[in-house]
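Structure, as structure tokens:
As written, the chain order gives the labels A, B, C and D, with residue 1 at the start of each chain.
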Amino acid sequence: MNRESILKVEGVGKSFGGLEILRNITFDVKKGERIGIIGPNGAGKTTFYNLLAGDLDPSKGTIYYCGQNITNLPNYKRANIGIVRTFQKNNLLTDLTVLDNLLLVLQRKEGLGNVWFKPRVEKHYSILFEKARELLSKWGLEKQTHKIVKSLSYGEQRQIEILLGIATDPKVLLLDEPTAGMSQAETNYIVNLLHTLPKELTLMIIEHDLEVVFGLSDRMIVLYNGGILVDGDPQIVRNDKRVNDIYIGQGESLSASS
Amino acid sequence: MDIIGAQLVNGVSYGLLLFVITCGLALVFGILGVLNLAHGSLYMIGAYIAYSVTVNSTENFWIALIIAPIAVALLSLLIETTLLRLTYHLGHLSQVLLTFGLAYVFHDLASMVWGSNVLTVALPPSLSGTTTLFNQNFPTYRLVVIGIGLVLAAALWFIQEKTRWGAIIRAGLCDKEMISALGINIKLVLTIVFIIGGFLAGFGGVIAAPILGLYPSMEFQTLILALVVLVIGGLGSIAGTFAASILIGLVETFSKYLMPELSLFLVFGLMAVILVVKPNGLLGKKVA
Amino acid sequence: MNKNVLITLITACLLFLGACGNSAIQSTSGTNEKTESSSGGNESIKIGALLPNSGVYASLGKNLNRGMELYFEEINWEVEGKKIEIINEDSEADPQVSLRKTRKLIEQDNIDILTGTVSTAVAYAIRDEVDSKRMPFLVSHAGGNDLTRSKRSDYIWRSSFSSWQIGNSMGEWAYENVGKKIYLTAADYAFGKEVSAAFKEAYTAAGGKIAGEVYPPLENNDYSSYLTTISGSDADAVYAFFAGSDAVRFVQQYEQYGVKEKMPLIGSGWLVSEDLRASQGNASEGTLAATFWDYNLQTDENKKFVTAYEKKYGERPTLESLEGYDAARIIAEAVKSLKGDVSDSKKVVDAFSEVNFQSPRGEFKFDKETHHVIQDMYITKAKLVDGKSENEVIGTVKQVKDPGK
Amino acid sequence: MKGNHSIKFLFIFLLMALSPFFLSLFHLNLLIEILILGIFALSLNLLVGYTGLVSLGHAAFFGIGAYASGIVAKELSPNLIATLPVSLLVSILVSSIIGMFCMKVSGFYFLMLTLAFSQMIYSFIHQSTDLTGGTNGLSGIPSPQLGGVDFSNPVFLYYLILLIFAAVFTGLSVLVRSPFGQVLIGIRENETRMKSMGYNTTLYKYSSFIIAGALGGVAGSLYTNFNGFISPSDVYWTMSGSVLIMVIIGGAGTMAGPVLGAGLIVILETIVSSYTNMWMLIIGVIFILFVVFFPKGIVGIGNSLVNNLAKSKPLYNESKPEAVYKKDA
């Protein structure tokens, strides 16, 4: 396991007003790692993503990406260099079609000089359309191609949420509860698709469904009260007493979900 | 020094007049999220009703101060329940069109009923004297307006911060779904807030009429001024509206004193500077 | 789908618009002459009245219209056997709207004579259109100096006043009768600036000193700050130019802030005009103003006009009513001298220049060189009569003639 | 479908081109005015309808273009080669400066900040009497010329403006359908998501603001060339308000809407006010009726008519969303 580091977080903290949401977070992500992030509600998981994706600036600490300091890089630039997030609540362009949503992601690399003097139709941008179709068929959404997003079922919208993240061509993909609110069948479908993602893609998953997160991760980080409680092998986390205490306090049991 | 003191009184008095005119708009925008471009028209109708009530006897000013705001509040009730309610799900652009249309309609209705001459509302003798401060005569009524403004601000602050109603209203400002989850009839809250907004607009009309007078297109001038106060203060904050009113009153008064050529420019310049430096106004919360 | 809608709507619009009138190609391919073939033998004379019926100046427009209607009614809407017809268009006191309306009046309604405009900006805006279409235009209110100076046109004559006349007439009189040092204030727009400049010129030429000048914006709510400044100066009196709601507020606040006790207020007739004094109440008392007509002018013509007006409309005439009344008379006199033939616009304006009569304001005649009225200016003083404010004429400045440049 | 469209376009083009032969001079002038205000409304629509930025200060650019054109025509040359580019440049310059500040705020604050800047420009125009004529406006502007053709003849002017209108309309139609325009629509729909996709949304909004400002300036310049006059009332906030109304009432976010809105407002104002002084009442009632019955504007009315006529064709194929998952269950 001697892989190169891709994302490094050093002493990062975040406070709102006087309230400290995250404190002294430090860890190192290797390329291709699959990291599950768990923790009770209010542990600061989504805030942590906001810091990584650049939607919020940290109050303290430094974030490195491929050795570069990106602590104050705006979110869209991070997305461009490969740190891409999805949202806990579906955050889509709901009045546009599925295809339009996807094309907007794919066309980003076209460059400003090439994008304003001809309509975005298949005739002029056939490569984009091909790529979009390919992705949609891989995700079993080809029938939905021309539907308005808000007319789709919740599960399908959730799928598109993840698909948009993947289509952004990430090096590090931050998934925020990808299967939240889905039925068991839908969840299985998504998990299978996530398993097919390329090995070199670094994946971080916030997930409440412990079965899902243990199934996908090769490393776990447990956040509790704004700090890292445990960081390590899923097996270690599963047997950690403190972690179990927290989850038992919430009426769940780690060992029950194998 | 006297002249500075006198200008200070002028500024505070004008500022509080602005607050009386604006607070209704601030309330409606803050809670309903409706940009009510007919606010100026409600203000105008309040002023015209005050004129009609006082035209025979100046002593009726007190009656006008009760009747006019209530009449405007009833009109607001009518507007909210018949028209405005339809637009809550349609979004801001439809509300702009609707309230602008209402402003047009009220403009012509007012000129049909009250004509297009310049009118004023006369004050009862008890209010129409002068008082000397800083070696300068001030109309007593200006000082009364300072008092009214302060009392109104205190009352609104008290209601918003210290009563159950205020709590509901503040909750409505943050999250409409949440308060309907609490079992409170959100529709009713919106209606009542709009009625209170109308009441305050009418009240502002009566209070301002003896100073500003009544004339065609007065409502559009008032509207723009009120919007500026609202934005500088920050949306959804009575305290912000209060601070902005005083600030504008002072800035306008002193700019007229020190550099009269710039006064037209200055209020909007002030607004631009404040928005660029503090994108949510002086004390505002973030509203999309 | 949008295209379908677009097509139907555009077609409908165009067909609707094209339903009447000569085509534009026909109208423009010929000479620039007026295209009316009808007017010579037609039975009626069409007068286009471009006046504000809405907006800030609505009451002025209404009174001008009433004045005109009163005169035409007196002559039974008939001159030399021809019917008089007024076509009203609302100028909205907006230059661009007015230009559109002027085009309509000239091209669509085939008017013979144009009159009106309260706003000077409107008069300037339509000046080129009127000039190039050779439409006789009798200006019945707008007082901007340039209309009979640098923008003078063969076809534009003004029967009302110029801002120079208003301001200048009071300069010398104020120096001799009011005080040697004056504070100058006027609403910050072209007309206010022109009037106060004309006053200042005449006043300083007579030997007076200007203690200070300040120009509050139009539609200013609160004059307290200016009044505090003025009150602190060493002026003997204050010359002010404000109109409409500004005048009401200024005159009232002038009294309320105690400036009136220290310095008399003088200004133009609009400061304390007939339709404002009721709103100003006692505050107007003592104000001196220069005007070219007043309700209380004690001449036979004026008494007759006032009586007839009050009988018809149940309210007092204003300065604008008189302007409308006189404009109607000038048009009627001109048409009469042409024996009802208004087909040649050059002849119409020549006929204007010859019009001369006893108006309620005094003798009326045009300066043929500047196309502008030469008239007496009156100095009035507001007094309380039975608790109501009345203007009294206390002086006359004879035969004030705009220099025309 | 394609051929059908071309035929329709050809039909409209022919109709417009032939207008001077069957319209009276007055109506032709009215049509010119509609086309100019149509360009103005289209420019605002890029901002309001496509980018989702509601501006109440668009008259600033109209006014700047108009005054720049007027001053150049009076002081330098009435040649369109001089007036149009100067207007364009000045309005681009001003919109890029104002835009820089306006990008810092959003929503209602954006609306008010644009209002503030436009009112400051209004004050500037209002006060600099020597340059702009102050309240009296700038008058006596010579009629435009181009390569020896004098456009004092309204028919020539009509064709010129029709040409410019067609160019602007076509250009904007392409722009909003291009990937660039789609990004603007994306920002209107969900700016946060667009940022997460890697778009510098501020830059796109800024570009949209400048394009809108530039075209607003062109409209202003044409207005001056057409009227030979410009006054501060066309820079006042009421002008910004009325162009916003044109966009909304026509249908924001469509190409035809703003033009139809401009047409409706101009025709209403002209016709209604000829018959009654209560024109504001009537127009106000029409606004309200639109909100209540046709919230999508004129284009919305048209579309629902068409949809009713062709009920048999559903817009989207309905299929059961769950179907996808069943096979994996």
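To be clear about the criterion, a contact is a pair of C-beta atoms (placed from the backbone, for glycine too) under 8 Å apart; a residue touches a chain by one contact, two chains touch by 3 or more.
Values in this document were obtained by computation on a predicted structure and should not be read as measured data.
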item	value
Fewest touching-chain hops separating chain C from chain D	1
Chain closest to the assembly centre - both centres taken as Cα means	D
Reference chain D; chain at largest CA-centroid distance	A
Leader among chain pairs (count of C-beta contacts)	C-D
Euclidean distance of C-alpha centroids - chain A vs chain B, Å	48
Whole-Å separation of chain centres (CA-atom averages), chain A against chain D	41
Whole-Å gap separating chain B and chain C, where each centre is the average of the chain's CA atoms	35
Where chain B and chain D are represented by their mean Cα positions, the distance between them in whole Å	32
Residue numbers of chain D (touch at least two other chains)	126-127, 279-280
Junction residues of chain C, two or more chains touched	54, 58, 188
Those chain pairs that satisfy the touch definition	A-D, B-C, B-D, C-D
Chain A contact footprint on chain D (complex, rising order)	174-175, 177-183, 185-186, 189-190, 192-201, 316-317, 319, 321-326, 328-329
Chain B residues within the chain C interface of the complex	3, 6-7, 10-11, 13-14, 17, 108, 111, 115-120, 122, 130, 136-139, 142, 211-218, 221, 225, 252-254, 256-257, 260-261, 263-264
Chain B to chain D touching residues, read off their complex	29, 35, 83, 86-87, 90, 92-94, 96-98, 100-109, 112, 220, 224, 227-228, 231, 235, 261, 264-265, 268-269, 271-272, 275-276, 279-281, 287-288
Chain D partner contacts - residues on chain A that touch it in the complex	53, 55, 74-77, 79-80, 84-85, 87, 91-96, 100, 103-105, 107-108, 110, 112, 114-121, 125, 140-141, 143-144, 146-148, 151-153, 155-156, 164-165, 168, 183, 185-186, 188-189, 192
Residue numbers on chain D that touch chain B, as the complex places them	48, 54, 101, 104-109, 111-113, 115-117, 119-120, 123-124, 126-127, 237-238, 241, 244-245, 248-249, 252, 278-281, 283-288, 290-292, 295
